[in-house]
Amino acid sequence: MTKPTALVVSAHSADFVWRAGGAIALHTQKGYEVTIVCLSYGERGESAKLWKQEGCTLEHVKVERKKEAENAASALGAHDIQFFDLGDYPLEMDREAKFRLVDVIRQVQPRFMLSHSQDDPYNTDHPYATKMALECRMIAQAWGHNPGEKVLGAPQLYLFEPHQTERCGWKPDTFLDITDVWDKKRAAIECMEGQEHLWDFYTNVAENRGNHFRRNSGGQAGGRPARYGEAYQSLFPRTVDEL
Amino acid sequence: MTKPTALVVSAHSADFVWRAGGAIALHTQKGYEVTIVCLSYGERGESAKLWKQEGCTLEHVKVERKKEAENAASALGAHDIQFFDLGDYPLEMDREAKFRLVDVIRQVQPRFMLSHSQDDPYNTDHPYATKMALECRMIAQAWGHNPGEKVLGAPQLYLFEPHQTERCGWKPDTFLDITDVWDKKRAAIECMEGQEHLWDFYTNVAENRGNHFRRNSGGQAGGRPARYGEAYQSLFPRTVDEL
Amino acid sequence: MTKPTALVVSAHSADFVWRAGGAIALHTQKGYEVTIVCLSYGERGESAKLWKQEGCTLEHVKVERKKEAENAASALGAHDIQFFDLGDYPLEMDREAKFRLVDVIRQVQPRFMLSHSQDDPYNTDHPYATKMALECRMIAQAWGHNPGEKVLGAPQLYLFEPHQTERCGWKPDTFLDITDVWDKKRAAIECMEGQEHLWDFYTNVAENRGNHFRRNSGGQAGGRPARYGEAYQSLFPRTVDEL
Amino acid sequence: MTKPTALVVSAHSADFVWRAGGAIALHTQKGYEVTIVCLSYGERGESAKLWKQEGCTLEHVKVERKKEAENAASALGAHDIQFFDLGDYPLEMDREAKFRLVDVIRQVQPRFMLSHSQDDPYNTDHPYATKMALECRMIAQAWGHNPGEKVLGAPQLYLFEPHQTERCGWKPDTFLDITDVWDKKRAAIECMEGQEHLWDFYTNVAENRGNHFRRNSGGQAGGRPARYGEAYQSLFPRTVDEL
Amino acid sequence: MTKPTALVVSAHSADFVWRAGGAIALHTQKGYEVTIVCLSYGERGESAKLWKQEGCTLEHVKVERKKEAENAASALGAHDIQFFDLGDYPLEMDREAKFRLVDVIRQVQPRFMLSHSQDDPYNTDHPYATKMALECRMIAQAWGHNPGEKVLGAPQLYLFEPHQTERCGWKPDTFLDITDVWDKKRAAIECMEGQEHLWDFYTNVAENRGNHFRRNSGGQAGGRPARYGEAYQSLFPRTVDEL
Amino acid sequence: MTKPTALVVSAHSADFVWRAGGAIALHTQKGYEVTIVCLSYGERGESAKLWKQEGCTLEHVKVERKKEAENAASALGAHDIQFFDLGDYPLEMDREAKFRLVDVIRQVQPRFMLSHSQDDPYNTDHPYATKMALECRMIAQAWGHNPGEKVLGAPQLYLFEPHQTERCGWKPDTFLDITDVWDKKRAAIECMEGQEHLWDFYTNVAENRGNHFRRNSGGQAGGRPARYGEAYQSLFPRTVDEL
């Protein structure tokens, strides 16, 4: 029997760690095959620490960033990580790059997809990646695109948590309990050696989302003891048999 | 073992039929005990047909409206229907009325609650009912309200579909497949003899929400063959173990 | 005396039928010349039924889709239908394509324009078409674009109804009574042989928008007996002599 | 034949002048009978100049404010002006006051109503007045309220311009050309002796709304020469026979 | 010379600690006199721990909650703390209670005010408190309210951080560096013995708002080393001499 | 010591005058060096008066528009004005043009930036310019873009006032008192000979924003006597030491 699958579309090579590391590890543990696509390495805009080193080159930054991302993916147990190397600040995708992403979507046939918030004034690459994920999801559904291939169904697109949520128009509707895999997420976070200033920030986020989880499942009176959480916004409605 | 429960808060005595009849019948069929609270009969504002009859009185309208609502609740298999008789156009709840609703919430201990959209320029009783449902949900969570009683957890509050959705700021995020219980919902609808002009309207709604269900579960390529649906907006985030 | 005119900008060749067929037929009946521009045939993304046939080719799909659209336009009495054949999923317009649309706008000098909603997570071609319609409307107003040509005034841009209204941020402010031309719209709908699953959906929509029309013109007490309607959102304010 | 009618609901006795004086004068000129209801005199919160006078009393302020408002109504040619004297800062309406407003609505049977924006952080009386206008409009539609009286249809509720539009969530969709009656509006404005600091402010508003009128009816290329305008937001959709 | 002043309006007696403790301590240190008004003790709805004790009474809860709040206010160096004891879950203010708050506002003549977010589906007392703060601010500006008293100017109303920001429609526009007074805020937090489960939550919030402060003042490249922060949303525009 | 700096990004060569002329003159007076970038001359779309002259050419329009803009910049005392000549209606920026803007941003190292509103259905060049300003601001922050150059901090991006504010989703949060430099702004406005129809419009705007300034700094009771103002919306939060 084929395993369930999921697909993460990450603008830069570290985004998936902070924002969706728990979901990746948790679903892997549940038997999913999770594929990660890094559209760029974040080599120009998110590697300040490396660039401050004497004699640093773009190639060197890419190599280092790739290594870190592979280590993190490995710590999370991800099935596959692909690097599209499209450049960052700004990230731009032409028709060819879009169709490459469509190919991955169709190969993976994900039950759900993960990407960035739809707005982010601090980082325009992030909403751009989501725009592309959405457009490519649509193309993957088209019977006339590479006829004969299996077309995509209608997987949910979850938007993971941006750095400054309220300024990005992002409103979570789904809290995921990641307590069981927190150690893996923290290990993946620590693979990001160039961004150590964010380790504790995202640990705080996970703890506080755990608190929100407890509040929403149990209200004032306590609730289920989730200690770590991740929050997501769904772009599409759910279809259910029971409320 | 106790059965799961749900609670519907309906501003007027017919609202629950058009907007949540499918959910009531479906969850009843799944073993839920569903309680309906009608805050008013809609006797002044939603009974034009009765008022056009010679010699009509307020008492007569209430009796007729109650009968229709009881018949509909029965057709849906609801566990209980309670009439608070608080008056309509405008509906107003004082402290005593609120605490009466709190009592019902605590007695029912619902897994989820259903009420109106949060805005409705056509009918200010509707959002008022939701405001009350939300406030009473909070009171029911308070350990200091009637100490010793079992406090409420954190049940979801689903907002059911208003008559003119886009003008009411209502955005559905959950589609429920009600195909299996459509006959019951239609039967309940036909209990509303005074509002026959709405029977086909809400049949159309159910068919088109079925189409939306198919779209969201299967995209362009078809999807699960739901023929009738109901749509809901969640007021609170979900807490989940799997996306 | 010149006839009044209107212009419909349709992302794919069938969109104008479901969403604006009534407006096209009604205004034609009132003496307007209505021009339809189909930016693509929807050949890749909206022709699943054709693609499921053995040996289907892109060219074949285009021919079929064109035929259906021409039949529908004819059933509605449209003055002209033009096919830009720009490709779909994704639809993309370069400078040349934009200027081609500007040329049509200036030739038609429409009293009003019709296009899609400004957001649609299910179908990114739709809001893209509107973005283009808006941009080209602006270019058509520029005295320095092809100097000597008659520049455009400030026609309203009405956004027609998307498939899942509430998820597309679309809020209707104008209900059009299409009862008199419903037969023509239904006939045009039935020209769309490849999308028979949508015939009843959009009949339901028309009936329910008729109900909304009656509600907004006559409130609880009844009102004008529109049986079929279409709903629109205006992008620009109206200028009036009387409220 | 009965004349067409309109109804203005003004929180304080001067609001109708600045915000809807043009509409009142223009529709009067067109044969409407326009009735104005001032829910309060604005005696506590909008009469600073009077209160700065030695020995001023509440009664004195009311008398002065009433006189000014009557003069303004007269300058505009209003059919009737009624003072509910409900108090301001804060304005509050109990059931009796609501039913009094319902009575006026039913007597007037307005083709359209005018009131404040739905939000105003500077002045909570303003949105409160609109909330009441909306609720009373609904009650006036109820067949069971004072059975036998003529129930209300579904008149538009236009929201007139607040002092700081963008902070009040107010978005105009209708520009009215008031050039022909500008002299009357300016005369009415000058009746407001206690608020002379606002005369030029609202003259500027009228001129700039005239500019917006020209832009929206004629675009970059000029357009109809409205010199003075008023802007409104519609709360309900329009029902039309032609776009 | 008189000292500058500030006023905090807190729905329940602990809210000011978590949400504005840093601002209170910091401004006190800068020479402000900060007054805190607790509209209720949160005795019914926010004292679960006390209510779980055998034989607990409402009076006992109030005494304990008051003690904790006084200790916290003292730890922060607040100038004054007043308890209105209006009851909670639900909090309700009649005319008399409003005028009592107006009296405090006028006596304090605050340079700025602090209160809750304008929406909170989890806790309807919170937005209600802000609604009251806004209404009473307006009354305090009225020359006709207790003529002869000094009327209020136009102080900013800052909305402090709710527990689940994104679900409360709260969007911060101002980050305050509270590093220098963090010890005092933590000490005040630890006075809230009944809500120990929130101590670390709000420490995490302070650390992460410190990170946001650094991002907004220094971007990707680092910035000013704020270690702890608080975030606020302004309800009114600022008036400035320099951008 | 280096002077403080500011940067204005203007879609067309006249925009900076109407919308930010006061800020330019005021900050220049305070010792800032203000640089203006005009992405286009507005030669096609905003020069109707010139195009109506016999024998007008694109080159002629550019020359005239440049002259007017230089005169206006000079009247305001701007430090530098640069013309990118990228074309208008539509304005489009490729990678090279973006990097040219990044170069200017880095050379200027602005304390704050000014650009257009984020939406404008009347003029799609305006929000496009802001989108570019935001993207280039991000690129200028990237350590990997032209390594060795001084990277940008995190300057505020203020959005200046569009022509029809409420239709552009623009909400001002900052009012600037420009009374002291009004004469300079009016002089700059009068340099725009081709758009004389806008002179009084923007004088009215300045007067009314002065009124808003007085209201927000002094409430009902008067306040600081600003006679002319400009309004801005901040895209990023402020970081402060005192509320």
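To keep things simple, chains are lettered A, B, C, D, E and F as they appear, and every chain counts its residues starting from 1.
Keep in mind that, in the parts below, a residue touches a chain if its C-beta (ideal position, glycine included) is under 8 Å from a C-beta of that chain, and two chains touch if they have at least 3 such contacts.
It should be emphasised that the depicted structure is a prediction, and the values quoted were computed from it without experimental measurement.
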For this session: Please give the intersection of the contact partners of chain B with those of chain F.
Result: A, C, D, E
Seminar exercise, completed: Going from chain C to chain E via touching chains takes a minimum number of steps equal to 2
Exercise. Which one, A-F, C-D or D-E, has the same contacts as A-B for more than half of its contact pairs?
Worked result: C-D
Exercise. Chain B to chain D: how many Å between their CA centres?
Worked result: 37
Exercise. Where does chain F touch two or more other chains at once, residue-wise?
Worked result: 45, 48, 122, 141-143, 167, 172, 212, 215, 220-221, 236-237
For this session: Sort out which chains touch which and give me every pair.
Result: A-B, A-C, A-E, A-F, B-C, B-D, B-E, C-D, C-F, D-E, D-F, E-F
Seminar exercise, completed: In the complex, chain C touches chain A at residues 43-45, 47-48, 51-52, 56, 58, 61, 88-90, 92, 121-125, 167
Exercise. Which residues, counting only chain C, touch chain B once they are in their complex?
Worked result: 45-46, 48, 122, 163-167, 170-172, 197, 200-201, 204-205, 207-208, 211-212, 215, 220-221
Exercise. Where on chain F is chain A touching in the complex?
Worked result: 95, 98, 131, 134-135, 138-139, 141-145, 147, 157, 235-237
Exercise. Which chain D residues qualify as touching chain C in the complex?
Worked result: 6, 23, 26-27, 30, 112, 114, 141-143, 151-154, 156, 158, 172-177, 212-213, 215-221, 223-224, 226, 231-232, 234, 236-243
